[in-house]
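The structures come next, written out as structure tokens.
One chain, subunit A, links the two complexes that follow: it is found with subunit B in the first and with subunit C in the second.
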Partner chain A sequence: MTTKIFSLFLVSLAIQSFMFGQAKDMAVIEGSRYIPLYGRDSTVVEVQDFKMDIYPVTIEAYQQFLKENPKWTKSKVVKLFADKSYLTNWKNDLEPNDAINPKSPVNYVSWFAAKAYCECQDKRLPTVDEWEYVAMADETTKDARIKPSYNEKILAWYEAPRTKENSVGETPKNAWGVYDLHGLVWEWTLDFNSVLITGESRKDMDNDNNLFCGSAAINATDLMNYAAFMRYATRGSLKAKYAMKNLGFRCVQDIKEETK
Partner chain B sequence: MIIVNKNHEKVITMKNVSKHIRLILSTFLLLVVVTSCKSDHSKNTEHELAAYQCPMQCEGDKTYDEIGTCPVCKMDLKQLENDSKALETNEISEESIFNLTSKWHTEEGNEIVLEDLKGKTLVMVMIYTSCKAACPRLVADMRNIEAQIPAENIKNVQFALVSIDPETDTPERLKAFAIENAMDGEQWTFLQGTDSGVREFANVLSVKYKEISPIDFSHSNIISVFNSRGELKHQQEGLGVNNKETIETILELTK
Partner chain C sequence: MKHFKLALSILLIGILSFTSCKENAKKEGSNTAEIPVSREMIAELTSPPNVPTPVGRRKAKKLIVNMEILEQEGELTGGVKYMYWTFGGSVPGSFIRTRVGDEVEFTLSNHPDNKLPHNIDLHAVTGPGGGAESSFVAPGHEKTFSFKTLNPGLYVYHCATAPVGMHIANGMYGLILVEPEGGLPPVDKEYYVMQGDFYTKGKNGERGLQPFDMQKAVDEKADYVVFNGSVDGLTGDNALTAKVGETVRLYVGNGGPNLVSSFHVIGEIFDKVHVEGGELINENIQTTLIPAGGASIVEFRVDVPGSLVLVDHSIFRAFNKGALGILNVEGEEDKKIYSGEIREGIYLPEGPGIQNMPTTDEIVESEIPAKSFDEQMKFGKQVYMQTCFACHQSEGQGIPNAFPPLANSDYLNADVNRAIGVVVNGLSGEITVNGDTYNSVMTKQMISSDDVANVLTYVYNSWGNSKEVVTKEMVEKVKNQ
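Showing the complex of A and B:
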């Protein structure tokens, strides 16, 4: 009996380690302090160490999620959590349209759905600060924002049509080992609703009006970073139930301290 | 849970088979339990029966379960709005905020889910108690609205103030704030959530906020009115704006 229990133990260990093999698809991001384009009034923000999915979530992976969580399929999803465009490019609850590349990033997903997907894997969506922190790297430098080539590449992507249909992992990986932060789709962030860029920022007495009008670009921390400006502007206009063509997501995970 | 039961049955029926298989099965069961995602048991209204009615209402409020024509005027029957169906069945509709399953603490220290607020017209706003600028005016707006609702309507209204600073705004602090602002009556509720619960709730209300410093947030100033089933009926945006529409909506809902 004891040998049996032992072998059982071994089997479960093997399976567990196989499952944890998935963690290889995440890159460890060493936290630091940096000045984001629009942080707390352009001051330094601090990012803790965390792990980030190296690819955006693919159609294929999302399909698996739908199979396990039918309540997020397009016929069952609660309207509060997703608008009419949710998975509009899927022909039925479990299958995307035939023309869709299963390795391309999932799109037409709402914030609620993205959040549920990540939580289901014991992960979460990245914060704006975390996402921007990793996204300011190019292939060789962790903060490439001052390089003209960095911005040129991103802006070239904004102009290129239909990149969202490409497979993940085809753009060069950045200095952290993360792919596709620029080049395929924009991505949901956990606290996208912390960007007060809409009408409210004028009515409220907050200091964000430098975010809003034309003069804002001049006040931006980094004049070169027009691409980031567009990302913040997009976030400011989103609502959590929106599902959009050029908006996907990826997950991150906190690094649990071994000793507490 | 279902998976557990299923496998459990399997395990029992396999009792006479060798212990080996039982072991493998239970390992499998263990793994399934460990790896399967916790899926929230949110209310699903999809199986609700659709109701059809003559658009001219030739037969009054009479409804049909199937598509067809009105026997009186021969017009095609029209499907009734979700709204009235929900009223009949008392189910939570898909637009209801009661679909949120996050847990909250009230100023009295009770743990609740939003669905516990079901049954009354809800007037909700997001604030934080250490706020010195916009919130006092938002709170004043809430009080102003409350003061204009007649007593017979008030008993069907719940005013809820949700903190965007759950770390600072403990139930004790919220209670003190309630007393200080003379908002300690039955009709007032203060809610402390979790970071993620608050973020989610704000997203349902389209409220934007961000922490400026540990004690200061900037946020949108929105007062939202929900009907007794948690469906959003009206939103008023801005500070010190005319409350007329909000009040009208509340009176309409509490008639």
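Showing the complex of A and C:
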């Protein structure tokens, strides 16, 4: 009897620590409505509650994924799903080059690979709207976009070389408890190509395209968000099989209905 | 018979005018799209101020252009760093030289270390976006597109990725030349010069890595206006050179993003200007306007030795923001063309006195005092390049008959307190330096005591001077006399 209770206790302890582990690595994001970069009243987007990885996926974590899913190793990956830059900084299928910091964000991964990684964890990639929603927070405010310091910090990253070599979790965490949305690497989003940027950004303005019509007239909103333009432009230049040096990812998870 | 003659002459006139009509049509509209190409050729690309070999009499070819985009840190002026975005590793980007009818196969490669996607809009392209859409490329990738050069002229190219103004402001522009059939007439020297305006968080001269300032760019308040990417882009070791009697052709572009250039060369008259880089040639021009996103070809024969000064004649940009370049001409004097000073006299209708630069600002004390001799030299050189260089020149050699030398200067070395006094109070009237007399005006320099000490220490410890070290205390003492 005692042993039974004891083992029950052990199990619950294990579950608890498991739960704790979950909570530690993901932050709960309360959904809301907001106007993204291409802001006009008509383009308010709504984000549901969800959980987001507090760090981008690291080299270390990706290595574990490759061990469990050899079909995503660089020798076995289907060429349609990853271009030849895929994991180009790895010396073989399961080991990154010696100089690489295992705690740094994984890079040179395609969208297909990132999506598969998240699905293996019962998670998914964030949408652009979800990602941008969390990324508009600074350390203290959930929508810091109007603060000059917010844009300055982001732009300072755009100008800082080799940030991808830093460990995750070293930039200050934002008001949601999430790290590194700005400051290490760009991140894949589920629908990165849903904003149609043709590559000819000036034409996009004429096309009454959501993203750029806002920028045809210069106003405070555009100024506030010009750092974000660079993110949208970057997403627009990608294809799902691309693997890039300054591009990593993180996962999110829907909050299950059962909690209600 | 008479009627027949008349009819014949009418017919003749008709035929003549018809053929001449046809010839005109052939000349003007001559369909450059139909020019055949033979063979492939890899384009020679050059960084400023150099240009590739002229096309000469070569036939139209398939011209392979490989352009690499690099985001890299550089120096805007002494002590001021900037993260440039470049075509080919230089600002302005590599010069591309083609002839009319060439089929250019253009490959744009975005270096994997770069953070951003880029593209290129070449004004020489006939087609949507000037190639922008077809060349939009993510870091670590490359894109290829091709175009035929239909119109001869000098054209700007630039990046057109959002936010467009920022990409241009960071240095993403350059020139592509389309020569007419048979090439432009040969000249002795050709150079590549391009103006651009820069917007930094800190004000002009503030040290350290300066980020781009979007608000200033929108307000069109440039901190720097420069030739060839930096304040010393065309001065000191980067100065252009020519010999007396040579004909010089400058390919001058203006990348902007905002400011229009009033391009002028102090001490020269342009014999020819290809107005706006096109076919129209104007002659005997003092200053030519170069719009942002436009270009001009100027030609002149240099007749007398000396330093010609390239400026944007919106003149505060030249002397206060960096839009100043030097063309050094060597060779024999020609007193008939330019005599130099012949005589001097005294003319004082408003009384003697020393001019001050008008200023409303108090002198700002240096934020970072120099801690060592080496720092004094470093900071002193920066002050020198910002404040003294325009007159006293990069090696302290001065300009004969106008500005006395600081190199090996007996006047300077004779009395350090007098030298300090000259910097803080200004100087006018006749002085003798190394045996030559000078009679001009040096204004009072509105710089901090630290900066005076640093710049004088730099001058005293350069170019064969007495190695005096000037301290802030020495400067303060002179100021308080």
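Keep in mind that, in the parts below, the second predicted complex is superposed on the first by the 211 of 260 C-alpha atoms of A that agree within 3 Å, B and C clash if a C-alpha of one lies under 4 Å from a C-alpha of the other, contacts with A are read in each partner's own complex, and residues count from 1 in each chain.
We adopt the following convention: contacts are C-beta pairs under 8 Å (C-beta built on N, C-alpha and C of every residue); 3 or more make two chains touch, one makes a residue touch a chain.
Because the structure is predicted, anything quoted here is derived from the model rather than measured.
Asks: Under the stated touch criterion, which partner chain does A:M230 make contact with: subunit B (first), subunit C (second), both, or neither?
Replies: Touch partner of A:M230: subunit C, not subunit B.
Asks: Which partner does A:T141 contact after superposing on A: first (subunit B), second (subunit C), both, neither?
Replies: Neither: A:T141 stays clear of subunit B and subunit C.
Asks: Quick check on the superposed pair: does A:N89 touch subunit B, subunit C, both, or neither? Answer first, second, both or neither.
Replies: After superposition on chain A, A:N89 lies in contact with neither partner.
Asks: If we overlay the two complexes on their shared chain A, which of subunit B and subunit C does A:N101 touch? Say first, second, both or neither.
Replies: neither
Asks: Identify the partner contact of A:S32: answer first if only subunit B is touched, second if only subunit C is, both if each is, neither if none is.
Replies: After superposing on A, A:S32 lies clear of both subunit B and subunit C.
Asks: Give one of first, second, both or neither to describe whether A:S194 is in contact with subunit B, with subunit C, with both, or with none.
Replies: The answer is first: A:S194 touches subunit B but not subunit C.
Asks: Across the two complexes, find the residues of subunit A that touch subunit B and also touch subunit C.
Replies: Subunit A residues touching both partners: 198-201, 203-204, 236, 239.
Asks: Where on subunit A does subunit C make contact in their complex?
Replies: On the subunit A side, the touching residues are 85, 152, 155-156, 158-159, 161-162, 186, 197-204, 212, 215, 218, 223, 226, 229-230, 232-234, 236-239, 242-246.
Asks: Tell me, which parts of subunit B touch subunit A in their complex?
Replies: Those in contact with subunit A are residues 19-20, 23, 27, 30-31, 35-40, 42, 44, 46, 94-97, 99-100, 133-134, 199-200, 202-204, 206-213, 218-221, 237-239.
Asks: So in the complex, the part of subunit C that touches subunit A is made up of which residues?
Replies: 73, 83, 112-117, 119, 128-129, 132-141, 160-164, 166, 209, 211-212, 214-215, 218
Asks: Name, in rising order, each residue of subunit A that touches subunit B in their complex.
Replies: 4, 8, 11-12, 15, 19, 40-41, 68-69, 71, 75-76, 78-81, 111-112, 115, 120-121, 190-191, 193-196, 198-201, 203-208, 236, 239-241
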